[in-house]
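Take a look at the structures below.
Next come two complexes, and both contain chain A; in the first it sits with chain B, in the second with chain C.
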Partner chain A sequence: MNDSKKQHNEEVRLMKGNEAIAHAAIRCGCDGYFGYPITPQSEIMETLMELEPWNTTGMVVLQAESEIASINMVYGAAGCGKKSMTSSSSPGVSLMQEGISYLAGAELPCVIVNVMRGGPGLGTIQPSQADYFQTVKGGGHGDYKMITLAPASVQEMADHTVLAFDLAFKYRTPTMVLADGVIGQMMEKVILPPYQPRMTEEQIIEICPWATLGKTANRKPNYITSLALLSEDMEKLNMRLQTRYREIEKNEVLYEEFSCQDANYLIVAFGTCARVCQKTVEMARADGIKVGLLRPITLFPFPTKAIGEYGRQTKGILTVEMNAGQMVEDVRLAVNGAVKVEFYGRMGGIVPSADEVLEVLKSKVIISTFE
Partner chain B sequence: MTTNDIINPANLVYDQPKILNDVPMHYCPGCSHGVVHKLIAEIIEEMDMQDKTIGIAPVGCSVFAYKYLDIDWQQASHGRAPAVATGIKRLLPDRLVFTYQGDGDLAAIGTAETIHTANRGENITIIFINNGIYGMTGGQMAPTTLNGMKSSTSPNGRTVPLNGHPLDITKLLAQLDGTCYVTRQSVHTVATVRKAKKAIRKAFENSMSNKGTSVVEIVSTCNSGWKLSPSQSNDWMVENMFPAYPLGDLKDI
Partner chain C sequence: MKEEIIIAGFGGQGVLSMGKILAYSGLMQGKEVSWIPSYGPEQRGGTANVTVILSDERISSPVLSTFDTAIVLNQPSLERFENAVKPGGTLIFDGNGFKKFPTRTDINIYRIDATEYAYANNESKTMNMIILGGLLKVRPIVLVENVLKGLKKSLPDRHHHLIPMNEKAIQIGMGLIKKVN
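On to the complex of A and B.
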């Protein structure tokens, strides 16, 4: 019986990245999803509505009247210590920024998925990575950070949903899964995570003693707020948050290396761009160019140390993104002038091809280091 | 009767509810908030719901409501209290969940959340303090500010060509299929305080028996914002606010 259950859990399925998020959310014991339709991520809520988890795990799924309402429903649920999440795409995530700032200020755990599309404005529905700054550098008002996971496969869409909840609760912070339209829409094989039961109220009281579940006789009232009237109190909250962010930087950096061991040159790319650049590395190596790929999996915390080391070991770095050059600033900060960092990006929903990247690598990075 | 007889607990006919914390309130003398807070505290105590109640405080003067009522609270961003309440009540359906909002919060920036929460018929209570002004930020014009009424952003009085009409959002909410009880009360006399208490109690009971959204508007005074004494404010309210926002039940099913 156990074996067959295990086998069922490890069954390989074929699905879209967005669908994998929905399945993973149910399986990891998510209590509530609140969302608003927007392309290219609507399959997340559609899949949840089709699966009707309220009949199985008891998970609540609700279509809200706006992204603003969604993120505030998440705030309410998260304030009760419930595993809650929302998902959207770039323009919708812009609308959520105030709510995310409140979640960060009130130290509430939750998961936000952004399946990025081209901007600015209404932009396009095609894939983009142009929300890197918004996600990693703040987005909303005030000094806060969000743990940011950047999946590059359908498998990671599922895995990162589970991991995002774990990190959110570990550090009492909103956590972002920052995907793009390609990862959301493409179909790949995936092994879904095993089922975990939803937290009982007793478990919530133990893990989240701050949760507003109703004031019982044995404790003081709990209140969820990001307000402090005295600036001294507000500075204390800020210092607590900053200390936590330093802990996150110390403990939670994730990245993947591909053919880096003997590399003379390094490509840094995340998400879909990393998939493209993996092909570039194979093509370059066939041409005798020793190039490696470093794929940041966490964008905050950023793999600063690892990239800094490659800055000393390699002759040139190329950062590839689907934007006008955002993560490249963090790569440059990481190498701190030790090596030249070039950038190549496509915008407005265009995915660069492996050939394009190889050409740029040869013309901009390799030539310049010979000069 | 001597003073000692009067303070003898056995002779008490009126007491402070235990849920109302014994701390000085920051509200201005004459403000309606204090009375409404006390009513909520009394009702929660009478219903024995302290351990099952979650209040949602808005942005506005009542952002500090958590200091005064000894229950769990969440503080929402401006206008979003009904969405926050939805998130809580959907995941904790056996709890008493209420929002406490002012006119700017509920009827301007939070109009969408208010209407959609009520239209979904979320099993929550919305306590709506309507004093026709933004009190906390210093007396600016609100969506419910009356025509001709002066505020810091309508110094010569609100005019329709410039500001549009005052919004009777409670009337609008009564039209929605999701609301079960919509009423307008005040707390400026002993009689109206008693009526308001009955209304809030009924709303809370509706929320616990899953009848839909209950809305209790309290037409209130903001004597600091109105630049009148507490007593003048009450008179001004009766004379000017009540004709525009008449007291009574708008819906009760």
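On to the complex of A and C.
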């Protein structure tokens, strides 16, 4: 209620999730977008091209020749301490995995948006969440992690773009906004973030002393590389990264609870599935079933502790995803056997319906707790 | 108040635009709104549909399997969505080219021959607004003044001179819609 009141005092717009990302990128002082079109996220670059930010903030928008080129352009810009980003959808993000691993290894901040579509292969253009493993378990090689934000509304598409840049620079790590075709294509109300100027060179030198902006006489050269031929050096880098990931796990977990206080059963879902399951919760509550929804907003770091606590308090948990069962593994690790965790998923671009989920909740989760 | 609507027809009939105008009207009326198209490999002449939700409360799922109101503008859409209307709900169809007609008795069925009217009166560009007028006659979910405000907000300035024509189309639609059951 307070939120909706606040919205009326500010400019409320109606736009697609993809468009919100483009607007938010310009407004948060992004220096460069490099991308290659693919459905269902092409509106991100289309909107940027229409808005022509190079005439206003000076932001560069460039259509590269491929996704591989895009991610490596991001690497170059990020090496200079610039706020840089790319976006794609599942098959395109697969092509970027080598570059993402290099960005992680070189400790470079950047934002990657994946508006997921059904796979494997070229798949379908319909919404999916089948890139969960690729994103949070590391799609590229080596022991790296990416902070992963999972928006569930057009408002969050805008907000998470800004937050992703903040986190990327705070921890010097690539950060993923992991959306799906529904969130990208749907229109909802949104309040865009305020304008922030792009960082000046002086600010970059201060905030990113590692950036390669030209060596001054009073310091040693900066190297941006993910190569360390001495194993001892490579292990040191790995230890530094792991320490940082533990910090991220300690500080940056985000999740949202819906009707959880008195819940006997819990649904865990992210992104579009969380929206569908919120409707399931409304329907189940009308039937007198005390069920709540926990929506992870960060997928890495995962809300392990919160879900673990619900594992001890509830009689059964259902995880719902648009894939064959990926996040459910992290939910099971979080509850560590304290309660049975069931899974329901649809694949290949199908969005589960609230009725389907309610049926599964009744037949699989609630029945099994009477055994 | 919560209204869950599906609008379905051929690509090129203005299905997505009608949904967009409805969503903007809801925005102008202070409602929560969501608009989601079927964004498959659609093309002119293929099928297109859009789900629009207007609500006083926060909208949970933007993707639905049943609807309060279905507006179907071609035969395949009728076949696909007639059974998706909730009991007691509303089905509006444009009978142009239909061979089979809706048969349910537990919903309110309305016919609006907007295509026929639009072609006879050289108004084919406002066909979707005629249908929107019909919808607002039987389901007054937004005020016409908010539709006009929504048009003003969503159309670029150079098209604002077309708004009176759209207002007229809404009025025509309100007169054209007929209950059939």
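One rule holds for everything that comes next: the second predicted complex is superposed on the first by the 361 of 371 C-alpha atoms of A that agree within 3 Å, B and C clash if a C-alpha of one lies under 4 Å from a C-alpha of the other, contacts with A are read in each partner's own complex, and residues count from 1 in each chain.
Following the convention adopted for this analysis, a contact is a pair of C-beta atoms (placed from the backbone, for glycine too) under 8 Å apart; a residue touches a chain by one contact, two chains touch by 3 or more.
All figures in this text were calculated on a predicted structure; none of them were measured in a lab.
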Superposition on chain A - do chain B and chain C clash or fit
fit
Have a look at where A:275 lands relative to chain B and chain C in the superposition and call it first, second, both or neither.
second
Using the superposition on chain A described above, determine whether A:133 touches chain B (first), chain C (second), both, or neither.
neither
Per-residue touch tally on chain A - higher for chain B or for chain C
B
If you stack the two complexes on chain A, which partner ends up touching A:102: first (chain B), second (chain C), both, or neither?
first
Between chain B (first) and chain C (second), which, if any, makes contact with A:64: first, second, both or neither?
first
In degrees, to the nearest 10, note the angle that opens at the C-alpha centre of chain A toward the centres of chain B and chain C.
120
Quick check on the superposed pair: does A:213 touch chain B, chain C, both, or neither? Answer first, second, both or neither.
first
First (chain B), second (chain C), both or neither: which does A:82 touch?
first
Least Cα gap, in Å, left between chain B and chain C after the two complexes are fitted on chain A
29
Under the contact rule defined above, give the chain A residues that sit at the interface with chain B and also at the interface with chain C.
none
Across the complex, what residues on chain A touch chain C?
4, 8, 12, 14, 39-40, 125-126, 181-182, 185-189, 272, 275-276, 278-279, 281-282, 351, 353-355
Which residues of chain A touch chain B in the complex?
31-32, 34, 60, 62, 64-66, 68-70, 72-80, 82, 84, 98-99, 102, 106, 212-217, 221-227
Along chain C, where are the residues that touch chain A in the complex?
20, 23-24, 27, 30, 32-37, 39-41, 59-66, 154
Touching residues of chain B toward chain A in the complex: what are they?
50-54, 56-57, 63, 66, 70-77, 80, 83-88, 90-92, 95, 112-113, 116
